[in-house]
Amino acid sequence: MAAGSLVKVGIVGGTGYTGVELLRLLAQHPNVQLRAITSRKEDGMPVADMYPSLRGKVDLRFQTPESAALDQCDVVFFATPHGVAMSQAQALLDKGVRIIDLAADFRLQDTAVFEQWYKMPHACPQILADSVYGLVELNRQRIAGAQVIGNPGCYPTTVILGLLPLLEGGRQLIDAGHVIADSKSGVSGAGRTASVGTLYSEAGDNFKAYGVAGHRHHPEISEQLDLIAGRKVGLTFVPHLVPMIRGMFSTLYARILPEAMNTDFQALYEQRYADEAFVDVMPAGSLPETRSVRAANTLRIAVHRPGNGDQLVVLVVQDNLVKGASGQAVQNMNLMFGLPEDAGLGAIAVLP
Amino acid sequence: MAAGSLVKVGIVGGTGYTGVELLRLLAQHPNVQLRAITSRKEDGMPVADMYPSLRGKVDLRFQTPESAALDQCDVVFFATPHGVAMSQAQALLDKGVRIIDLAADFRLQDTAVFEQWYKMPHACPQILADSVYGLVELNRQRIAGAQVIGNPGCYPTTVILGLLPLLEGGRQLIDAGHVIADSKSGVSGAGRTASVGTLYSEAGDNFKAYGVAGHRHHPEISEQLDLIAGRKVGLTFVPHLVPMIRGMFSTLYARILPEAMNTDFQALYEQRYADEAFVDVMPAGSLPETRSVRAANTLRIAVHRPGNGDQLVVLVVQDNLVKGASGQAVQNMNLMFGLPEDAGLGAIAVLP
Amino acid sequence: MAAGSLVKVGIVGGTGYTGVELLRLLAQHPNVQLRAITSRKEDGMPVADMYPSLRGKVDLRFQTPESAALDQCDVVFFATPHGVAMSQAQALLDKGVRIIDLAADFRLQDTAVFEQWYKMPHACPQILADSVYGLVELNRQRIAGAQVIGNPGCYPTTVILGLLPLLEGGRQLIDAGHVIADSKSGVSGAGRTASVGTLYSEAGDNFKAYGVAGHRHHPEISEQLDLIAGRKVGLTFVPHLVPMIRGMFSTLYARILPEAMNTDFQALYEQRYADEAFVDVMPAGSLPETRSVRAANTLRIAVHRPGNGDQLVVLVVQDNLVKGASGQAVQNMNLMFGLPEDAGLGAIAVLP
Amino acid sequence: MAAGSLVKVGIVGGTGYTGVELLRLLAQHPNVQLRAITSRKEDGMPVADMYPSLRGKVDLRFQTPESAALDQCDVVFFATPHGVAMSQAQALLDKGVRIIDLAADFRLQDTAVFEQWYKMPHACPQILADSVYGLVELNRQRIAGAQVIGNPGCYPTTVILGLLPLLEGGRQLIDAGHVIADSKSGVSGAGRTASVGTLYSEAGDNFKAYGVAGHRHHPEISEQLDLIAGRKVGLTFVPHLVPMIRGMFSTLYARILPEAMNTDFQALYEQRYADEAFVDVMPAGSLPETRSVRAANTLRIAVHRPGNGDQLVVLVVQDNLVKGASGQAVQNMNLMFGLPEDAGLGAIAVLP
């Protein structure tokens, strides 16, 4: 970007939670000009009528995709259901518009796996092949030059960053064939679509597991872990639903290999993330809470080894709507446009 | 009922919250035989598959209304949307089946008001004219002989019982032209229908008013208050939504008339409800909590007069799904069939 | 008991959550006469003043232990901090009074372990040696004849019952050296003591792990698992705090041994618990929710084996205050006095 | 302040919720240098150890008041229990340090009323007489020149700003002798002190009124309303506790005088607050939600007149910790030091 110029940003599908969170972050971003936000259904409605939290802060109205002049943006975020971004990607790329998709269209490199889990053919395998998985701490260099970003899923962000130091560089530290991710998510992760299962009276004062037999984030995690480890990683993934709005917590279990029993895992994690602005490796013995990152882009990790035995327990927290979605998307945008990585992302977590 | 025989009960529309609450209460009722429960949509599904809380307790399956042999029941509860009970009432009455409707079809005596608020013509004004408003503490005698009961709305139950001692018998105690009901409801009052506004992420950690310009329970309350007072009562009614599942709280404000300043309001309430099993007038100065009646059929009242001035403040709590809906319906059934009024309704509130 | 006679019951320390839950259950128990409840601090206060949910249901007042005539009871429940029951046990036993302790005084058979974790010497190792660990499904026969019962901890109840079929009878089905229990508890498990960590504004809208380095329930679970398996079982136990009041969820992970890969685990669990009134093995593929047992004595189990691989995932839910505490205590009492095991414990869960 | 220089700030008593909220706001404030924060109890502890949300954002450690060099600050915030600020005020003023007290020491001008409600004599009536009640929208000019600010209570902020346009300027619009404020607060308003009543298991899934017989904010509201109206205003004030962390909602009821029935109340409110950055008068018919101001300094008002009758209903929402406490305190500081009134206070509300 030329010094002082603003990144012109469009958002497709701004009525859901990742959409309104993008609005919150981008409206306060010092280097961004919000140009357009689309919603076919709410065409003409001021954004602030749907989200009064934006009154006086965002003057945009929802527009149809056709009228929104997205092709005059520098970057378009897709906060849409799976399948939308891939159908519109080529037209935007032809106009030189870069794309950050918060859905799954550009997360899975293997189109067969995509089609198996999302029940639709991939519309643009060629673009997919050139896209980059937008986990900054893993792919920083490639993201900077990418035209299309597949923004990671919320669960995958916690699980991959929580296991990364154990697996990368061909390390032989844990039994990679039997890793367990026991993950817990706030209800906003299910989105703003009306459904019985996420009603207050159903999800409130209740705790349950779901997707034990298979969850779409499982193949996404596995694909990345395999790439990181350079071998097949065996993962058991059990997501749970927590009666809270924001927040995600993953408890990761890995068996330490006999030859790695002397490893200083605390140091391993601290060194890996020493230069990362948004990954906080807490002191040994820490117990992270989801509220410590509420509304912030930080992901916190604590490494435990109970009784100094052979079982490693890694605790990871993030705000699923920020580092797990819209905040990470903005972090990607910052990299793509040569902005400071933390531009617009410095807000302190809201506690209590 | 013959001694020892069981009341044969059917439920139409058992998939919502008042339906499952009826199941909970009736399955444990010593004088009831649950015969049928209908849901066109879930025909054939075991009730306990939808509500695992009933596993091992209720063996019924959902049936279509046609196959359910409702006409062999002694009484049928309608836990359905507005408009259903009135369309099926005549056929059941012809078979000698009595009806308790938990929706609004038989609450409003004035059909014009019904049609204004529920946007449908009333299907059976004649049956309506013979029906009884099922507020036991008000209409005990008439309920015992009724063929059709309009079970009161949740808000009306708290507001009417909270104001009753002030208005009945032609009493001139308060400025009846300017009564205020500031009411607060848990989210289950909105039912189990998928909607954005009652999602956990919308209703949680939030508080709001709604229906200030007009709420369907307003005319219901007004009609009853006018009848009780024998004159026109002016009511301002503001409902609010509380981030909790069960529970309803009404804060009632009434101006004491100059000539009534010496009234002992505490005594007035205690005497009025002295013989009521399910209305608990708490000691002077008490602060009732909704949790004190969670899952119980009790309604608690506390009478306050701050600074011994001219403003009366009456606090009323109930569980909106029990005394405010299904429990009150069972209380009506008990009366109608000559059972002890508290049969099946004695459970202690669940606290915490 | 003589036919028709009532068990005379005393409760020591009735002001906490397990105390009020005992009151709720016992006041509705058909075979019990509540004789006394003690609280030195609240001496003289009607129980229903502290817990308005009991108004009209329980007429007792709190008494000092000295004035409470506990020695005229058939059984005394201790709902007290650790250390109280063992200090009073001998005096009561001398009078022929049986004891059910809901704290930890009679849970751990190994007094050295007790002293390590509870930081106090055991006051009566001889009584401890004769006491029985009150997990009915494990020790039914011994409980019936016991004078002193150590009522299991809430977490142990879920973990032990969730692993029992895999370990008992010398079975070699799983890698017993590396079992994982990822457990989640509602906040009421922490009791009614004022503390910052369990304030609404701290525990609400938040999720965290705690006690990763060591939790008092860990040695209790381990002692029982070792006894059941007849060998040393290695357990990693990570408890978490959930923003809900009641409810406990344990996600258990066990690696299936190569020689046991053909085991029908669903059948194994169903057979083990076929005759248990309060353990519900759900159909294969089920996803239990804590609310399905809210306020009920049922514990539900679902057995999963994702991808038909070598990782077994067992999901267990209970209400921590009922099956995890007071309900289980009443179940023990029923056994001890020859009552039907489900007497007073038949209430259906409260949902929603 | 000299251009570019930073306001040097100290905080006394930073361990409670208003303290940590001050830290969140001030650490992000562009014109502030945080110099010291005191806690006698936590002396030496890094602030970020108590509040991990501040990790990497605030490097301060708690200090004793003696070691904190508060006298080198430009302004000191007191986020302490009532009684602390008035005991330290003179010493600071002598050094030229200005004071903003978030407790009640400088809220009530009438020391007799102060002593009646806070059960302590006022330590410095002279300073009190010179202090200013820090409701910016009421006292902007005086605040700019004040040495000592009494920052308003949370309830008073909503009630006073909600009634201000009706009463000021000698207006005769409502029956000022009978105003009702039915107010509802999230639990964080009760602070971070360990107490049974605000435990998660007590305050969760529950709704109750409290302080009906008298609440400390009542005289504070009354004193201000009397000053604004220039006559005695009669107020009934009933606060309630809502199971949410942040958020405050006041439903205000006022009877319109016969001669004022033609007033355009919507216009009255819009005009009064047209130039206020932090008071948002919503369009007619709006229904404000507390979440629309979560973590933001905005207070929203909606004016209703149901059925166009003689009863005015004013709905007011704020975040009790921001506009109701720490945000308003920063707004006061901005005025006192000639900074833009919204400096450091522009963050958008966090929704969902």
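General observations
Note that the chains take the letters A, B, C and D in the order they are written out, and that residue 1 is the start of every chain.
Throughout what follows, a residue touches a chain if its C-beta (ideal position, glycine included) is under 8 Å from a C-beta of that chain, and two chains touch if they have at least 3 such contacts.
Note that this is a predicted model, so its numbers are computed, not measured.
Averaging C-alpha coordinates per chain and comparing to subunit A, the farthest chain turns out to be B. Chain pair with the larger contact count among B-D and A-B is B-D, by C-beta pairs in contact. The distance from the centre of subunit A to the centre of subunit B, each centre being the mean of the chain's C-alpha atoms, comes to 46 Å.
In whole angstrom, the spacing between the mean C-alpha positions of subunit B and subunit D is 40. Looking at subunit A, residues 17, 186, 188, 192, 201-202, 204-205, 243-246, 288-289, 291, 294, 352 sit in touch with two or more other chains. Interface residues of subunit B facing subunit C in the complex, by the touch rule stated above, are 17, 20, 24, 27-28, 51-57, 188, 192, 204-205, 245-246, 280, 282, 286, 288-289, 291-296, 298, 300, 321, 346-352.
If you check the complex, the residues on subunit C that touch subunit A are 178, 180, 182, 184, 186, 201-202, 204-210, 212-214, 234, 236, 238, 240, 242-247, 249, 251, 253, 255, 285, 287-291, 294, 304, 306, 309-311, 313, 315, 317, 352.
Chain contact summary for the complex, subunit A toward subunit B: residues 17, 186-188, 190, 192-196, 198-205, 243-245.
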